[in-house]
Amino acid sequence: MKQVIEQTSTPEGAHIAVHTGGKPVPAALGVSLSLEETNTVQPQRQWGKVREYCREAFSEFFGTMILVLFGDGVIAQVVLSNGEKGSYVSIAWGWGLGVMLGVYVSGISGSHINPAVTLASCILRKFPWRKFPVYAVAQVLGAMCAAAIVYGNYRSAIDVYEGGSDIRTVPGHSSSATAGIFATYPAPFMTTTGQFFSEFIASSILMFMIFTLKDDGNLGAGPLTPLALFFVIFGIGSCFGWETGYAINLARDFGPRLVSYMIGYGPEVWTAGNHYFWVPIIAPFLGCTFGGWVYDMFLYTGKDSPVNTPYLGFRRLVPMRRTRQAPQTEV
Amino acid sequence: MKQVIEQTSTPEGAHIAVHTGGKPVPAALGVSLSLEETNTVQPQRQWGKVREYCREAFSEFFGTMILVLFGDGVIAQVVLSNGEKGSYVSIAWGWGLGVMLGVYVSGISGSHINPAVTLASCILRKFPWRKFPVYAVAQVLGAMCAAAIVYGNYRSAIDVYEGGSDIRTVPGHSSSATAGIFATYPAPFMTTTGQFFSEFIASSILMFMIFTLKDDGNLGAGPLTPLALFFVIFGIGSCFGWETGYAINLARDFGPRLVSYMIGYGPEVWTAGNHYFWVPIIAPFLGCTFGGWVYDMFLYTGKDSPVNTPYLGFRRLVPMRRTRQAPQTEV
Amino acid sequence: MKQVIEQTSTPEGAHIAVHTGGKPVPAALGVSLSLEETNTVQPQRQWGKVREYCREAFSEFFGTMILVLFGDGVIAQVVLSNGEKGSYVSIAWGWGLGVMLGVYVSGISGSHINPAVTLASCILRKFPWRKFPVYAVAQVLGAMCAAAIVYGNYRSAIDVYEGGSDIRTVPGHSSSATAGIFATYPAPFMTTTGQFFSEFIASSILMFMIFTLKDDGNLGAGPLTPLALFFVIFGIGSCFGWETGYAINLARDFGPRLVSYMIGYGPEVWTAGNHYFWVPIIAPFLGCTFGGWVYDMFLYTGKDSPVNTPYLGFRRLVPMRRTRQAPQTEV
Amino acid sequence: MKQVIEQTSTPEGAHIAVHTGGKPVPAALGVSLSLEETNTVQPQRQWGKVREYCREAFSEFFGTMILVLFGDGVIAQVVLSNGEKGSYVSIAWGWGLGVMLGVYVSGISGSHINPAVTLASCILRKFPWRKFPVYAVAQVLGAMCAAAIVYGNYRSAIDVYEGGSDIRTVPGHSSSATAGIFATYPAPFMTTTGQFFSEFIASSILMFMIFTLKDDGNLGAGPLTPLALFFVIFGIGSCFGWETGYAINLARDFGPRLVSYMIGYGPEVWTAGNHYFWVPIIAPFLGCTFGGWVYDMFLYTGKDSPVNTPYLGFRRLVPMRRTRQAPQTEV
C-alpha cells in the first residue's frame, strides 16, 4: 500500500495530508478501520455513536451473512431442482464467490468471516484477543440469519422435495433429505479420524493461502485478494470437498446447523455421521492455526508474527516474564 | 480515484493541470461525465450537440442492450439447441457477463442499466431525480431493441423448435414454449408471495453488493468492479435464480416481455404464472432500495447518504422545513 | 495510460525523462511500438534488423497462432474424445482464453489478431492503411500454422475417430466428420441470410465491445482488457455461437479451412453449408466496421474517430479536397 | 516497477526511503529476493539463519506442494466419486488454480514450480545455473509431499473404489485403477512419438506464454500474471490435455509417480504406456526451452536473453573465448 504523507508549514499553521494510493487490503490487523475513520467524518448522532462501537461486529455479521446466503442458497437450488439448475461444480462456485463477496463486504473489520481465521490472526498476527469473542459471535449470528433467509426463500420448494410441509429429514435417514442445504454431513464411508484429517488439511490450506495472498514480502495479491480467495475456496471445494463438505468454518457450519435444528430437522442434525457436528467446530481452529504457522515458519519475514520474534514467540506464552521486560513497541 | 491538481504561476501566465491517475469508477453521480467533458473537446457540429444532450441516455440504452443481447441470447441458444450448446450454468454465465460488459459500455452514465438501481441511487446517493425517467426509458428501450435482435437472429431456430413459423407459446401452455427466452416465468409451485419474496431478496443482495463494491471506505473493488459484478450476478443466478428467473430489473423483464407480446406470443405473456409479470416490475424497486438502505444503515459512512445526515435523512421527506434552512452545500 | 514527462535544464544540459506509469494498453495505433523502441536498445545485428522491420508481422503471426492453437485444439479434444474431455462450454472457454492469451502475445502490434479488427481500426481509428495487408497476411499465416500443429498433434486420434488414416470427412457428409475442428460449418437449418445475419451481429458486438473496453473516456478496462475480452468471446460463443460457430474472423476461419483442404478433406470444405465458406470472410468485415461505427457515433468522443471530425469524416472519402488543405497534425 | 528513492539530510542524520509502488512481478531472476531482504529485517536467530539460506528452496517446495495438492486432489475427487463431485473440466480447473496459487506461494523464489521453467530461465534469462539443482530437488520433494498428503486424505475412498485396502492398480491393468490420481498415463491409442510430440507442444506453449506474460516490452500481465497463468494451464488442459494428461513438469509427474510406487502401486507405474514415464521427464525440458527460444527469437528485445546478444548468444557456449574478453557487466 503506497502511502504518501505530506507535512507543510504555512503561516496559517501546519497541515498534514495523508494520501493513500491504493485501497486498504484486507488486513488481519485493525489498521484499515483506523485509517478510514481518519478520512471520513462520523455524524454526531445517537445511531452514529452506536454504529461506531459496533462497526466491526456489523461488518463481520454482514460478511458472513453474504457468504452463507450464496453458499447455502446454491446448495438449495442444486438439491431442490434435482440438479436441473446447477451441479456440484455450481456449489463450488457458490461458496467461492460467497467468500469473495463476503470479503468485500467485511473489509472494514479485516474480512475474517471465519472464527478460525480470527483465531489464527490473534495467535500469529497480533490481532487483539479481546476482539475474538465479538467477531466469533457476529460471524455465527450472520450465518444463522442467512440460513433463515435461505429457508424462507426455499420453503415451498423444500415442501415439494421432502413430500410435505411437516417433513424435514437429515442425510442418511432419508433419500430426500434437505438438511444438507444448511450444514455439512460427511460421506458415509468416512471414519471420524478421516473426517477430522480432511477438515484439518482443508483448513490448513485455507490459512496458508490467506497468509500467502496478504504477504507483501512474497508476491502478494493486493487488490486481487478477494478474487484469488475465490480460487482458493473453489479449489478446496473441487479438490478436498467431497468427503466432509469442506465446512472449514465454525460459523458457516454450526450457525446454520443450529437454525436447521430450530426449524425442526430434529436431533439427527447433531447425531448424524457419528456425531460429526463437532468436527467442523474443532478442526478448523487447529487446521488454520497450523497452516498459518507453517507459512510463518518457512516463508514469512514480517515482525508481527511471533515466529519472527526471539524464542519463536514462545515467550509470549509465559506472560509473567513479559511484565519484567520493558514494554515492547508494536507497530 | 487519485487526482492531482497542479497550479503553477509562470511569467507567461497561470497554468492548471489535472492528472487523473485512475479511471473514473462507475459513479452513481454524474461526476464521471463532467470530468470527461473537461478533458476532451466536443466537436462543434449539429450531431455533436444532440449527442451531448443525449449522451447519458445513449449510454444507458447501449449498456442495457448489451446486457439483454447476451442474456436473452444465451437462453435462446440453450433452450433452442435442447441443451446441446449450453446448460443452466451457461445461462448464469451469460447474464453475469452481460452485466459486466454492459457496465463497461455504460460507464459514461454511471452504469445503472437497471431502473431499480437508478431509483436507489436517487434515494440514497443524491443522484438527481430529474434523470430518473430518462434513464428508465432508455433502459427499457435498449432491452426491447436487444430482444428484437435476438428474435431476428434465432427466428428460424424458434420455428424449428416450436414446430412452425406461426406458433409461439408461453411456458405452462406448451412443452416447446420459447417465451422464456425473452422474459422470466416463475416455477409452477411458487405462490405469489413466494415469487415476490424471491425477487425481493435477490434485488436486495444486488444493491447491497453494488454499494459494497463502490464504497472506498470499505474494501472497494475499484477497477475490478465490473468483474466483481459478474460474480454477483452469476451468484444470484446460481443461488436464487431457480424460482423466478431472477429478473431483478424492470428493463430486462418488462421490455423483452413487451417485445414478445408484439411478436405474437399472445396475452399469455401477461397472464402466465398468475399474472406474474408485475412482480419483476415492483419487487426490484423495493428490494434494491431496501438492500441499499441496509448497507448505508450499518456500514456506510459517506455523507452522500441521507442515513448519515441529521435525522437519518427523513428531513428530506419534509420539503417545507428545508426551505427555512440555509441552503446546504452538497459536494 | 499515465505518462509523466519531466524536462529539467541543468548546467550540464537539458534532460528529458519519460515515465510511463502503466503498461501500454493494446493500442490500435502503432504508439506502443515506438514507445517501447525508445526504452530498449536494439542489438546491432543482421537478425535484429530483420526483426525490427518484421516485428509487427511476427507479433500478429504469433498472436493469431496462439488463438487458433487453443481454439482448434479445444474443438479437437472435445470432438475426438466424444465429449469425454470437455463439452460445448469448454469450446467457448478455449476460444475465449485463446483470444485473451493471443492479445497478450501480440501487444507489440496492437493485438488485432483479426483482419476485421484491423480494417475497423483503419477506418475508425486512423490505423495506417498500408499496414492492413501485412497484418492480414500475418494473421492468416499464423492461423494456418496453428491448424497444422493441431492436426499433427491429433492425427492418430482423428484416424481412430474417422475410422482410418485416409478418411477425412466434412460435417453434413458423415456422422464422424472432423473438418469442424478446423473451420466453422453452420447448423443445418440455417439459410444463407440467417448465416450472414448471425455472423454480422456477432462481429458487431465484438467490435463494439473492443472499442468500449479501450475507451478511456468511458469506463475503460485498462490492464484488464485481455480478461474482459475473454468474457466477450466466451459470451459470443455462449449466446450467438450455435448457428454458425462464431468465426467472426477471416484469419481464424479461412486459414485453417485452407489447411484442412490441403490435408485432404476434399472440396466439401468449400461447398458445405451451401458454399458457406465466404460468409465468415465477408460478414466480419462489415459487422466489425458497423459495430465500431455505432460505438463512435453514439458514445465515443475521441478525435481520432472520423465521426468526431467535421462532416462525420466523410470528407476523408474525398481525397482530392484534402490535398487543398493544410496538412493535418495527427498525434 | 515504479520505485522512488528519497534521500533527505537532516540535522539528525541522513535518511533514505525506498518506496516500491508495485509488487515485484514473478521474476525469473533472483531480484525479488534481494529487494525484499532490504526492506525487512532478518531476525538474528538460529532458525532465521537457516531459513535465510534455504528460503528459495522452501519457496519452491511449498509452491510445488500447493500445485500438486490441488492438482492431484481434484483428480482424486473426480475419479473416486465416479464423476459425481466434478468432471474433466474440474480437473482442468484444479490444475489451473493450483498453478495460480502455487505461483503466489513461491513468489520469493521467482515462481518456477517446474524444473523445465527453471532450466529455460537458466538458458534464456541468465538465471544462475548453480541454483538449478536446488530448485529441481525442492520442486520434486514438494510434489512428493503433496502426493503423500492426498493419498492420506483419500485413502479410505481409494479402498472403496479399488475394492480393498491392499489393491492398488494402474490404468490399463484394471477398470478401477487409481494410479492416475498421482501421475499421468497416456491414452491407449498414442504412439511414443505422439506422446512426445504432445508433451513437447504443450510445454512449448507454456514457456512461450510465461515469457509473454512477463515481458514488459510486450503488453505484459503485471500483477495479473498468476491469473493469466490459470488461463494458460486451463487452456492447455482443455486443448492439449487429453492424449497424455499434460504433465509438462518433471516435478509434478515424477515426484508423485515415485510416491505411488512407494505406496504399493507396483512396477506398472514405470512400465505402463510402453514405459511412458520418461516422456514427461524429457519432453518438458526440450519443449520449454524451445518455446522460450521462439519467443526470444521473434518478439523479445530484453538484453538478458542470449538471443539479443552478439552471435545470438552462442558465444556463451564457448567459455574459453569469454575469459579473453573484458568482464561483462550484467545487470
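Order of writing sets the labels: A, B, C and D. Residues in every chain begin at 1.
The rule is short, and it goes like this: a contact is a pair of C-beta atoms (placed from the backbone, for glycine too) under 8 Å apart; a residue touches a chain by one contact, two chains touch by 3 or more.
All values reported here derive from a predicted model rather than from experimental measurement.
Taking the CA centroid of chain A as reference, the farthest chain centroid is that of C.
Different-residue interface: chain A and chain B share under half of the residue numbers found at their contact. Here the CA centre of chain A is 43 Å from the CA centre of chain C. The distance from the centre of chain B to the centre of chain C, each centre being the mean of the chain's C-alpha atoms, comes to 30 Å.
Across the assembly, chain B contributes 89, 224, 227 as residues in contact with two or more other chains.
If you sketch which chains touch which, the chains form one closed loop in which each chain touches exactly two neighbours. In the complex of the two chains, the chain B residues touching chain A come out as 2, 88-89, 187, 189-191, 194, 197-198, 201, 205, 208-209, 212-213, 216-222, 224, 227-228, 231-232, 234-235, 238-243, 298-299, 301-303, 308-310, 312.
The touching residues of chain C, counted against chain D in their complex, run 19, 21, 23-26, 36, 39-43, 45, 47-48, 51, 55, 58-59, 62, 66, 69-71, 73-74, 76-77, 80-81, 84-87, 89-90, 93-94, 97-98, 100-101, 103-105, 107-108, 111, 149, 152-157, 160, 223-224, 226-227, 230.
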